[in-house]
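Chain nomenclature is as follows: A, B, C and D, assigned in order of appearance, with residue numbering initiated at 1 for each chain independently.
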Amino acid sequence: GCRAHSKDRGAGRTSALNHYRAAPMAIDVPFRSDRGFDALYGLEVTHASQELMRGRVTVRDELRQPAGLVHGGVYAAAAESLASTGTALAVLPEGKIAVGLSNQTSFLRPITEGTIHAEATVKHQGRTTWVWEVEISDDAGRLCVLTRVTVAVRDIPHLPGDARESV
Amino acid sequence: GCRAHSKDRGAGRTSALNHYRAAPMAIDVPFRSDRGFDALYGLEVTHASQELMRGRVTVRDELRQPAGLVHGGVYAAAAESLASTGTALAVLPEGKIAVGLSNQTSFLRPITEGTIHAEATVKHQGRTTWVWEVEISDDAGRLCVLTRVTVAVRDIPHLPGDARESV
Amino acid sequence: GCRAHSKDRGAGRTSALNHYRAAPMAIDVPFRSDRGFDALYGLEVTHASQELMRGRVTVRDELRQPAGLVHGGVYAAAAESLASTGTALAVLPEGKIAVGLSNQTSFLRPITEGTIHAEATVKHQGRTTWVWEVEISDDAGRLCVLTRVTVAVRDIPHLPGDARESV
Amino acid sequence: GCRAHSKDRGAGRTSALNHYRAAPMAIDVPFRSDRGFDALYGLEVTHASQELMRGRVTVRDELRQPAGLVHGGVYAAAAESLASTGTALAVLPEGKIAVGLSNQTSFLRPITEGTIHAEATVKHQGRTTWVWEVEISDDAGRLCVLTRVTVAVRDIPHLPGDARESV
């Protein structure tokens, strides 16, 4: 299987709510978004739970910076998607949403070809914030990037647009 | 004008060197890459110097995460490209390369439409590292994202592949 | 003048509340804590508002690491105190507390003697988080340290101990 | 045993070199500094190697912020000392020094009493930078703080003062 589905399919009252409900509450892996940024750069989620998320991205020329290395933004994007999705899996059923708060990425070793392997491990599942550590490796299993992603857990906004307020 | 050009066009001895020389030493703004990740997500550089870099990205559905907000990876990518390019402008003529070391992004307020405006200001121009603070705003001029990018300044590797070593 | 005072001196119902009320709601500068960590390392607050906090620390041998440079923890401490206090000035009167969420410090240039000058500028005053950028300089005015401090704004806990829960 | 010793006790040519040589090349644990910032806040190193450093700090009133929690600067200081010392253990014998480059601390859960337990695990041992992840826990074993410390590895400066240059 290869699609995301929500346990709560009730008709959203507003488009903003629909947007948030569009986030998956359960994922059949491997999963690839068919739209949005994850589809653009090519994230494939290969494991999904509240504690551990795994994904991969195939390196291609469109993901490189001018020197031929994978662009740092690709790593940051994959890390954030995994962390946010893992948090959403847990909090959406409780009527809350997951909103990225910060992303701290350290580049240790470049990746130039093959596949980017990302593994996100939850470190803190607090009431208002979740923290994930994401390790990104190359095909040889060498650690190439470390990312810490902090995700805010917030109430679903009551009115359209509220969810898009500042944190 | 709209192209990047290198002041040193000498035939690179190796493909690795070619890659690095491909990075611009001067930029005619506005500038858009025609390949690589910056082209994929759509960065347009509108001001380029060693002290200040500016760029913008037009929001479109391919840049959004499932909730309809611009994906955090887009901000991280734009910030890193501006900081790395600004550093490269200064150090490439000295025979050195700019390599991203870390990227610390804080999400303050989501952007959902219009244009992403990024401004990178250099804070430190050290011998081995440069540090840039990047502020990203929406069309209303509200600060939405803060990113600090640390760029390592390193000697150009002598042998192909060296440049891709770990930092 | 040199003391902190709270506009609300009502008898706290619990020791936890007392602790939080001990945080200043207004500050007569210059201000030095007479207890706690700020007193131990020697922070003097020289300007205090919700938008801008300034402070300084006199370098002495007890603040150095083995190589003779000021220890990185001193900078992190000063930055966090300034940011947390500046946030508390605004949110305590609204019945909320300020709790440090993250501290991202980059060391640009060591300080070995004289005075550490720290200036914290608020970048984001959100409903649930405030973000400050702190620049730390030496006596020659050279930028030596950059710190971004994120402060969570939370309701005062109803029961003793609640305030000390995880974020 | 309880003292740091250097394998190279040769008379340093300059005071700057002496400072750097004062950093331990081997440590008999448990180890407590008798001077400097680590002594002031009370770090005790309980395990020391290039891969894993452990330490602890006893909570006392002098380490608290106004709300009664351990001040964030204490965690940042302990994390940085462990990471820098662990790096120095490896690089000093090779004639290089370890200099803190950045410290990214996330506060997950406050500590108010007992002992602060810090464990630093090396994630990257590069030619020019080392990266450590530090986990700080309370007496109940709950994860309270995450810190990522990046340490620059640099040549020992040839002239007095050079080591104190900007990075």
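Assorted remarks:
Going forward, contacts are C-beta pairs under 8 Å (C-beta built on N, C-alpha and C of every residue); 3 or more make two chains touch, one makes a residue touch a chain.
What you are looking at is a predicted structure, and each value in this text was computed from that prediction instead of being measured.
Contact tally for C-D versus B-C: the pair with more C-beta pairs in contact is C-D. With centres defined as mean CA coordinates, subunit C is found 33 Å away from subunit B.
Mean C-alpha positions place subunit C and subunit D at a centre distance of 22 Å.
The set of subunit D residues touching two or more other chains comprises 101-102, 104, 106, 108-109, 124, 126, 129, 150, 165-167.
The touch graph of these protein chains is complete, with an edge between every pair of chains. Note for the complex: subunit B touches subunit A at residues 16, 19-20, 22-24, 33, 35-41, 61-69, 71-74, 76-78, 80-81, 84, 97, 99-110, 112, 163-167.
Taken in their complex, subunit A has these residues touching subunit C: 101-102, 104, 124, 126-129, 150, 152, 154, 165-167.
Of all the residues in subunit D, the ones that touch subunit A in their complex are 104, 106, 108-109, 123-124, 126, 129, 131, 133, 143, 146, 148, 150.
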